[in-house]
Each structure stands twice: as structure tokens, then as C-alpha cells.
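Next come two complexes, and both contain chain A; in the first it sits with chain B, in the second with chain C.
Let's turn to the complex of A and B:
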């Protein structure tokens, strides 16, 4: 796995609610970075549309089904339509359909992970991990405060390295809930997060 | 002050003055005397000196102290207190954020700074609403007792919480938690709670969408369970059911719980749960109830204060009379049906149900009968018997389930206990309907093509299990693949198996003319659902491959014996023997003749082993193929009987009905409240959105995962391959464990006939009572619409 630098961003609208987000996405603060981001989005959408068009063209050729009149005009008049028709006639369906599936799969991939910890005083904490594609939503887990037994930072082997992790012990559960389970930020960052947060909850203790 | 009390006070003072005129004149004389002797000027001088003292000394000291407190906040035990900030938590429904009108906020107050807003009542005064809430005017005409809701919502009652968009601005310095002031406007800005900067209160506004109880939406802290959890210690009740997999899992669980206990010892700071933290389950119930309570309050608002009411226009009146006339006609028709026809139909239906229940009980008893407790019952052996058992148990459970669901109508719709029951009931109904529909299609096909199907099955069976096996054995008898097996032994074994196959082929040939009738029977049985022919086919397969099973067992025994003998003779060959008492290998001094004979026998048996192994391998692989075929059929049966189809449809249609927990989303306050922050003295407000997480697909298919896990643990274990290699009998997985999936939606013990009769006969009385108390057609129609899904 590539070691992408992980950034921590904090949102704190009031002293009782804090959201810590850890992300390995490239920073998008400068204008050029933002422009690149939007251009890639547009390119992704275009690529997906053309891949789908090729798939539709191939499907109509293979099944011999009549095209819907509107689609017929669309395929004959636009350059995208003729282009996709051309590609569809050149290759067999055994190549076209897997290729289209692969392109669609690659297009919806996000390419980065974003994990966050939302601490709401009086309610509990919520961990969330963004999904790897643009299609599905983030997986979240909410733990009410009275179910939290302890929060600690510990170390574990992962592959050939030792990583520190922040974990929550939940009452009545066998397994601890690891916060930021995929990115596993550095120990300095976790400790920083803990000491920053000490002003709010006295629950974080560092078990050596 | 109220105008009336001012008038009263004035009249009182005037009366007092006229009655005690002499006292008033005395006071007047005293005032003249004091003025003459300079009392007033001396008092003014004293006041001026005190003011100068205050301005010069006290005020600067106070400013300095305040400045210092800001510079050095108080540190207490290493933890920085939030400047003594207290947290005000407000749960605010999303449907009242776009009004600009004035109103009274009504809701639940869980603790001093923890409130749940239910609704806003417009055009009334706060005091009269409070009175009405106390007396109960606002709950008049409630379909069910309000006390039940109070009991569920943590034994707090509804209160007036504050004012929305007050007409006169609230006091700027004072924050009163018992009466808040909130502001909303027509744009989609979130609500704003008036909270002065210096009151040291930070506000959490948690916006939620009211779950619609009629659509059976609700929020829940824990994922809802689709299976029926009334099987206490399912794995524990019988020692036979507890196999090695369960034991291993139990051991692992204990190890983990010990670890968790150990983690508990490391806890440094333990803080007792606060009132706010404990209130969360009650708050979720309050949110679940808020829609219905809000509707009830708004309906009764006319009883409280003056409310501007618009008269209906002529066209509206015409429309109204037309609709009510249609309703009246319907009402008359339904009344005549309900009074004359329905009771008779219900009686007939109940008698039919109980008769059906009695028949089912009889068949179930037969299916469950065991010769001795440790023997297998019929349903443990045959897939068909088990399928019939499942269907009958479902039929037995349905009336009870339906009555439970009907009793839901006697209570508030916000009460969410029976929603999983509802999903289970309609899921099983829908699965049975699907099963029957697929079965009819399958059955009509089989009946129409019975001859052809019978011919195909016969040809496949004979070509694979008889001719194929015969060819295979003859091939093995004459040096297969150039492997020089022992000719005599191979010929003996091959001839033995070939004779048995010949005999079996003769038996099957006798049965062959019957096969079309059997296929006809299977075809007709499939009108009871596609699962029946599948189960029948599974049983037919085990019957028609009985010879392969017996071959497998015979060859496995021979192979195993030979292997055991070879191992013990190998010990002899090494000059050792097995000590059974100590369970170890000891040295042993054998005589020469013993050694000689043993070694000769060892060599002999060792050279004969490949021949036996080849036959064993053939039959074992045939047996494995049949087992996997039956496993595929069983999986198909499990899908037909248990697939969470209804839950999946609900997930697509309205995922709020399948809550799998809750989720909070922090609103980006940079955009949400910068404008607000500028315009007023908004201190620290965070906006959080409370959402319901739909049940994950993994949780829906939880039991399938469990089943897969169990099968994998059982059959892909090294133990099983060891058994296969040494020719020992592979212990089959207990059918009860395997099919616990299919029974997961059924109760562990079914209700007795007497109980069913009792519950069915008491139903009509209850039903009429409900009808009288409700009396509102519209609400019932709404229920029916919701009941379709």
C-alpha cells in the first residue's frame, strides 16, 4: 500500500460538538487543485457516458433489437453515437462488455478514503468511513456515551510495521471499535487529537 | 400589569384615602416638616458621595477581575472547564423550520436543558396552552389513552417549552431555560435559539424528520431483528445439537470476554453517565411518537384559544356534501354487510381454522414422533417431511401472528413493538404466495410433459448411476490407466459390486413403469408450492442412489480396516507395539515367527492397498457429488422458505421502516450560520441532523451468512479431509443445526389448539369495540392503504 500523507481537519462549530476528519485525498485548497478536480469529474462523467453508449450500441447489434426512435436519431446524428457504433462494430461482445464494465468500475472509484470521528457531548461518538465508490454512502457507527466503557490508543502489528490505533471499548461487545480503521493515522496525530479533546471528555487514556 | 388589576388597585387606593383622610393629612404635614429642615438635601448629598465612591473604586476593580478571568481561565484538576459552559440540547423537527408565524412551542422536557420539540401551536397564548395541557383539553378525542405514551416516553409530560418568533423581542440579557425563544424564517435557514452571549450556554440543535407512524416508520438505536428471538439457548437445549463448531465458538467468545474484562481494569477515569446521556432511548421514543402527538394537539387547538376560521365557500360546500354523500352510501352498505353477513362468515372461518389446526397438529405429531428420544424423527431424515413440517408450523403460527398484529390497532400507531412481527408475517405470507405461484408454473409444466420428464430422469439416472458405474467398475477391474492393480482382488471386488448393481438395476427396471405416475404426483404436489417438488426430488434422489451409498459404506469399511491393520503391522515391523493403556507406542520383543508372519502379512496387505483404495475413491467421490447435489437443492429450499423478500422490497420502497440504527450529520456551520452569527449575538450553536440508517443488506442476510459459516466450519475442516483419507465415516452436520435458518421465523413452541380457539373467539368482541371507539372511516382507510405494504 502506498503511504499517502494523511491530513487531519477539525470542524468545531460549538465547544460541545467536534468532528475530526482524517483523509488521504489530495488537498483542494488552491485554485488549480480545485480546477483539476472539477475537470477530472467532468472527464469521468464523459467517459462513463461514452462507455454506456458503446454498450448500448453493442447490445442492439448483438440482440438485433430495434432501437427506440429517439435513440436511433441520437446514434446517427451525434459524433458520440457514430463513434460508439464504430467501436461496437469493430470488437466482439466478448471484449466490449467486460471492457465497459471495467471502465465503469474505474470511473466510480473515488481513489481516496475519508474517515471521521464525530463527538457530540451528551449523545455519543460516531465513526464513519467513506465508501470506495461514488455510488454508495459512508458506513457509520454511532455509539451512545453510556455504552462507551473506555477509549484508548494502542499499538498493533499490521503487515511488517507497528501502527497505533484509537479504539473504543463498547459495553457488552466482544470486539473493540477501531476509529479510523483504514487510514490508521500516526501516533502523533492521535495523541494530538486526544489532548485537544481532553477539554471535553475525560475518557481518553493512553494505555502503554 | 393587566388592565383589570390596575383598575382594582386604583379603586382600592382611592377608597383607602377617603376612609383614612386624617392619616393622609398627617403624612402631608410630615413631608412639609422634612423639607423645611433640609432632610432631602442631606439625603441627596449622601447618595452623591456613595456614587462617586462606586464609580472610582468598585467598577475598575470589577473590570480588572473580568479581564483577568478571560486571560486565565480556571483550571480544575488538569481539565480545562469550558468556562462553565452548559449545554442546551434541542431536538427540532424539520417540518417547522420554514414558518415565519408566531406560535407556542410544545414538547417534551427531559431535563432542564434537554428538550424535544413536538409541534408549534399557532395563534394561541402560552399560558392557556399550558393550562390546557395540564387539564387535558388538548388530548381530548385521543383514540387511545395518553398515559400510555407518557409511560413510554420516560414518564415525562408534555409542556410548553417556549415561543416561536415572539412578537415582542425577548430580554437581551437573561436566558430562561424553562421558556426559550426560537426564531425561524421562510428561507431554509435552520432555527435559531435566542441565547445571550454572557449566559454561558452553548446550544446543540438536532434536527430530525418525524417518522410517520401510519407508514410504520420509526427510529431505533439498535438494528431491528428480522428473526424471531424466542429460542433461549437454542444451541444449549440438546447435547446432540452442540457440535464441535459451537463449542469452539463458545470458547472463543469466553476468551474475548476475558480480554474485555482485562481492558476494563485499565480504565483510568470513570465518569458517571449524565442525565442527558441516559435520556437517549426515551428521546428516540418521543421522536417516534411526535408525529401522532403533534397531530392530536393541532386537532384540538380550536378548544384552547380563539382561532381565525374561514367559512367554506359555496363550491367547497358542494364538494364536501358530495363526498360525504358518497361516504354515507358506502357506510350504509358496509354496515348492512358487517351486521348480517360478517359474523356468520367469521364463525365459519374460525371453525375452519380450528379444524385445520387440529389436522395440522395430527400430522406434526406424526412427523415429530421418535421411537426413542435419541433416534431421528421423520422430519430429520426426509426433506419432504421437513418441508411439510415447516409449512404446517407456519399455518399454525399465522392466526396467532395475525391477532397480534390486529391488537396493534388498539394502541397508538407510534408504538413500534410489533413492526418486526408485521414484517415477518407478511414476509412469510408473501414467500408462500410466491412459492405457490412458481409451483403452479412448474407443476403445469411437469404434468403436461410428464412422459418426457419421466423418460429424461430415467435415462439420466440409468446412464449415470447404473451404466456409468458399471463401465467404471469394469474399467477398474482391468488395470486402469496402466496401473497394475492386483488382478484377482480387483476382479473379486468388481464382480461383487457388479452383482449388486445388476440386482439394483432389476429392481429399478421393475419400478420404471411407475415413474410417470410418480412424476405426475410430483407435478400435482407442486400446486402446494415449488418447494414441495424440490424436496420430493431431493428425497427421490437419495432413494434412487441408495446403492451408491451402500457401496460407499462397504468400501470405506474395507479400506479403513486394511489401513488399520497395515498401521499396526508396521509397528510390528519396527519392533514396536501400541500400548492401549498408556496410549503410546512401546518397544516390544517379538518372536521370530511372529515377526516373520507379521512382515509377510504387512507386505501382502500393502501391495493390496491400491486396489482397495481405487474402489474406495470411486464410491467416495460419487457420494460427495450426490451430497453436493442435495446441498444445492437444500439451498434452493432455504431460499424459497426464508428469503427476506418483503424486507428487501421495504428497503427499496421506504427504508425508514427498516431502521438499522441512527446516524448524525454535522451541518457545515460555516455556511449555515455565518449570516446568523453576524446579525445577532448567537454564541455557539451546532446544527446536527439526526437520520435513520436503513438496515444493511448484511444484517438482512445474517442467517444465510451464519449458515454458510457453519457449513464451511463443518465441511472444510482438516478433520473432514482426514476422515475421507482414512476411510472413516464423515459425520454429517446435524439437520437441526443446518435448518435452524428455516425455523428462525417461527416460535420454538407452537400454541395449543385450545389457546388458538380461545384467542380466535375473543377476537370479535375486541374488534367491535375498536370499531365503536374509532368511528373514523378516514383513519381506518389510511391504515388499510398502509397495510397493503
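Let's turn to the complex of A and C:
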């Protein structure tokens, strides 16, 4: 499996909480990397706007301008309007709409996954997996301390390989909750995290 | 260790062979993992006693728990396991296991030493055997060493796979003699050794009218001789009034057996127990005096050793490797036919009635003959021999002018270069040879592709079972989904104690 290297970063928002974040996003510490990142964001937004404009232009052409008030003025006065109007007239709607949909889909893709584990001492843990697009929010799950029966690292078959995973046994649930289910970091990282997890939440590990 | 046949499947000899051998090898300081396919409700990775790790690889099962032969599909995951566990020797078991044959092929492609253990005998005549033999020839063309459970089995395997007899060793099965004690035998013989206990008490003599119980424990299949048993039971019972049978086991022939009982109205003299678990076999055996083993083909026949260990006199057919298993005074042999089986059973009953057989001594004698520790030692020697730790003369003996083929480097140790391997496979047959060569080349290409696609260094190495460190009891959890390596827990616990307040933040990335 061609794995993008996974990084672990640890934050301490408060003295009693630790957040472990595992991410396969490229590191953005240098100035040039950050600049590239923001430029990409701006480009993405511009691309999305123009794609939407083309879609609206095509829609007005197909349905008739009267039905969309104000559209006529927009497409005649602004340069973006005339550009998208030109594209919309050149291709049939059968090409335009799928193309616009594909562009929008590509633009909102994040291209990386970020999964985190937030440990709050005496309260519980929260796992979260970032969504694959910019539009939706991360999927999170909170497990209170008294629901946790055990935490372990084990191995399992995943695709054509055997991977390590960190899992939480929740009281009254048949399946375990796998932490970092998509990225599945390496054993060294999990063990390191596991040992620190124990040190952070000694209360949790003493629960029978 | 790799085989299709492993627990939780109710075991014939192969499963317990693999388990016992692995356990003893671990005791001798080796690292052993077992790869088998997934069973109903058992997929994934498990730890057994002593840190024996079992990979239940999810695969399609076709017939009697053997997997479907898909020559290459197993390679990626096999390579992953081999690399992460840092395997050096691949030891396949059972000739009907496709997983084992595939693994041997892939292991050779990856440049590992391979051993194959054959547990069964095969014919040469029928279509299925021809196919199976061809497959065997394919995978054994390039194996480093073969182990057979008896000399008959060795002869059979050498002929089937056209092997050099020198690269085939015979290492018999063994039994855990402590699990097969006769009734009244002390559980802890150390306290009651011969010195403290004095000479053995005389055997309990059998009265002339005392009932003799004959035990039969076998899976009721054609090859286990159930038809022979069905024919023989009424005649034996008619000839000997104070005799009864206990039959344990299940299988397709059970219905025939029951029909026979009803036809001859023998229900009161023949007890059918149905399937028994391996742990219960001893409890069934000690109820009897004679063990009847009518098998038509048997490579070794562990069960008759178990029976003798329980202090039973053994009546068995003279087939396969059975005559090698027990000494003369413990057995009566019969030809695999009805008349002779009845006669042999009659002889055995007469011998018991005249108290000529000291069955009470069988247990100690069997204990001297068969032990898994011994099996593991001999297997270890094979491992050393193929990996070059033993010199050629020491391992194979001196054979001046021995006809080693040109494709071999050091005698008996097969070279890994692709062209040498192809030469060996090409000799398999006019068409088969070319087909096998093609398979080997494809396998090699897959390996090259895998090295690019999933580079060796990106594969996470698994932790070894912590052998030296004493582990706190109760760490291994019995829950279904929580069979985790204790090592992970140990790490967690330890740092839980000393790193609790210092709050270091170290990024391992």
C-alpha cells in the first residue's frame, strides 16, 4: 500500500486535556508551504465561483432569461459573466452540468485525512475523523470514562496487509471503537501514544 | 507453520500436530507463528498459550475446510506477514492444503527456506489422486526438505512427488502421554516413580466371564474402514458372548452403522457415543480393554498410540504406516478384510482372557517412545540442516558419488536463483513443466511489483512475544475481541507508573 507518511502532533489546550492528532496532510511549517496553501485555497474559491457562474449561465440559456431576474444584467456587465456566458453557449448542457459538478466536487475535496483523539482527564475521550470535503464537519464520538472498559493495541487484516490499531472497548457495545480508523498509524506511534494516554488519564486505566 | 487445517476445526491429527510442535519449538527458544484460513467466527489474529500467534487469513473455503486454489491471491498478504514477523523458515503441513502449497511457492520466490510435512497417504490411480499428486509435485519441486510421519508415508511421498529420498526425513507424530493415562494411574508420576512405589503391582486379572469392551474412535468415513467395521461387528459379537462395543465419532457412514445395529438388534451391546471432543477421548478409551482400528489407509495413526497409552490392547489393520507405530506386544495385526479382522479380534480377546498381555505397562512404554519434545528436537535439526547451520555430511550423511542434480548448489539445499528454480519446475512434465514455469515467473513478477507497491521498509514489524520478562498474571484477556499482545499493555502500565506527572511531550514523528 502506498502510504503517505503519517504525522502525530500533540496539543494541550488545558492542563487536563491532551489532543493527539494524526494527519497525512503535508507539513506546513515553512513560510513557502503556508503561502502555497493559502494561494491554493484562493484558487479553489475562484474556480468554484466560475464553475457556478457557468452553471447559472447555462441554466438561464436553457430555461430562458426571464425566469431568472437580474441574470441578464450580470452576464452582460461583468467580465466573469461574459466569460462564463461564452463557455455556456459553446457547449451543450449535457457537457456543462456534469463538468461543473465534477469541478465543484474536486474543489471541495480536502485531499488529506486528519484523525484525532482528545483525552480529558476524569471525563472521557473524544475521537474524531475529519470529513473528506471542506463542506461537512468532522465525525466525532465521545466516550465517557465510566463507559470505557479497556484500551488495547492489536493487529487485524486490512486489505492485503496486517495493520496495528488502537481500540477502545466500550461497555455494552459489541464492537470496539477503533481510534484513527482510516489512517491506522504505525505500531511505534500507537505505542508511544498509548503510553502517554495512560500517563495522562491514569483514572481511565484504573477502571476495571 | 502454515496449513489449512488448524483449530478451532475439530482436529484430526494435523491440528494437534501443528499445535504441539509449535509449542515445543517455542519452548526451545524459536519464534513460531501459525497461518491458517479463517473459520466460522474466527478471523484475524489470535494468541494461544505461550505466545503462539495464529493468523486466521480470510479466505474462501471449498471442501472439508480446504481453501480454493487461487495460486497468486495469497501472495500479498503472505509477504506482509512474513516480513512483519521476520520469518526465516516456512513450514507447510498437509498435502491437501492449498494454503500450504501456495505458501511454499511464494516463500521460495521470496528467498526463504521451506519445509513440508506430509501427513497422509495417497493412491496413484484415480483422477483426484493424479491431480493432487501433480499439485504436490509442483510445490515440492522446489522445497528444501520434506518431513513424513512414517516410513510408509515417506515412500509414498517420494514416489508421488519424485523427490530425492535423502531430502525426506521421517519424524513420527507423538502424543501427550499425560493426557492419556490409564485409569488409576497417578496424575503426577514424579511422586510415584518406580523407586518410591516399588515394582508395579500385578495387573488386574481378567475373569473368564468378565465383559471385554472394545473401543472404536474414528471419524466414520470410508477411508477409516467403517464399512469393514460394519461387517465385522455382528460376527465378533456372535462369536464372543461377553464382549461389547463403544463407538465414538461421526461422519457420513454413521447412518450405515446404525442400520446395521438395528438389523442385527445389537443396540444393547454396542454403544454409539456420537462425536467426542479430543479432550474426552481419553475418558472414552479408559472404559475399554481393546482398541479396534479398522482404517484402510493411515499415514501414522496417532489414535492407536493414544489408545496404547491409555492401556488398551490394539487391534489394527496392517496398512500404511501403522505397523511402524507400536511394538509387537501391544498390537494384533489384521489384513484389511472382514475375515481377518474378526480373527484378529478373536486372538486379541483370547490373549486378554488368558492374561498374557500386560496392558498396565503400556503407558510407561509409550511415554518412553513418543514425546513432542523429541519431535521438536528432530524438526529443529531439519531446520538447521536446511539453513546451513549443520554441515552437509552431518545432516545428510556421507554419500560418495551421490547423484546430486546439477540444479542444486550445496547438496540438498536448493539455490534461490530464478533460473535454477525454473529448471527444477521444468522437469515436472511435458505440459505441466511449462505451466509450472509460467506460474513461477508470474509469481516472481508479482514479487517485483509488490516490492514497488508495498516497499519492505514501509511494513510495520510485529513485536515478539515478551518471553524473558515475567508477565503479570491476568494480563491476557479472554474476551473475544480483546486478544491483544500483552506487550502493548505492559508498556502502557509501566509508563503509567513512572511518567504520570512529568508531562513530557515528545513528538515521535
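Structure notes:
By our rule, the second predicted complex is superposed on the first by the 190 of 208 C-alpha atoms of A that agree within 3 Å, B and C clash if a C-alpha of one lies under 4 Å from a C-alpha of the other, contacts with A are read in each partner's own complex, and residues count from 1 in each chain.
By our rule, contacts are C-beta pairs under 8 Å (C-beta built on N, C-alpha and C of every residue); 3 or more make two chains touch, one makes a residue touch a chain.
Quantities reported herein were computed from a predicted structural model and do not represent experimental measurements.
When the two complexes are overlaid on their common chain A, residue A:121 makes contact with chain B while staying clear of chain C.
Once the two complexes are overlaid on the shared chain, A:186 sits against chain C while remaining clear of chain B.
Using the contact criterion defined above for the overlaid structures, shared-chain residue A:140 touches chain B, although it does not reach chain C.
Legend: residue contacts after superposition of the two complexes on their common chain; A:156 is shown touching chain C, with no touch to chain B.
After overlaying the two complexes on the shared chain, residue contacts for A:164 are found with chain C alone; chain B is out of touch.
In the superposition on chain A, contact is made by A:19 with chain B only, not with chain C. In the three-chain superposition model, chain A touches both chain B and chain C at residues 150, 152, 169, 175-176, 198-199, 202, 205. Of all the residues in chain C, the ones that touch chain A in their complex are 43-45, 55, 57-58, 76-77, 80-81, 84, 453-454, 458-463, 477, 479, 481-485, 488-489, 491-496, 499-500, 503, 505-509.
Contacts from chain A toward chain B in the complex involve residues 11, 13-17, 19, 118, 120-124, 126, 128, 140-142, 144-146, 149-150, 152, 169, 173-176, 198-203, 205, 207.
Looking at the complex, you find that chain B touches chain A at residues 79-80, 82, 85, 87, 89, 114, 202-204, 206, 221, 253, 256-257, 260, 263-264, 266-269, 271, 273-274, 276-278, 280, 661-664, 666-669, 673, 683-688, 693. Across the complex, chain C is touched by residues 1-3, 7-10, 12, 150-157, 160-164, 167, 169, 175-176, 186-192, 194-199, 202, 205 of chain A.
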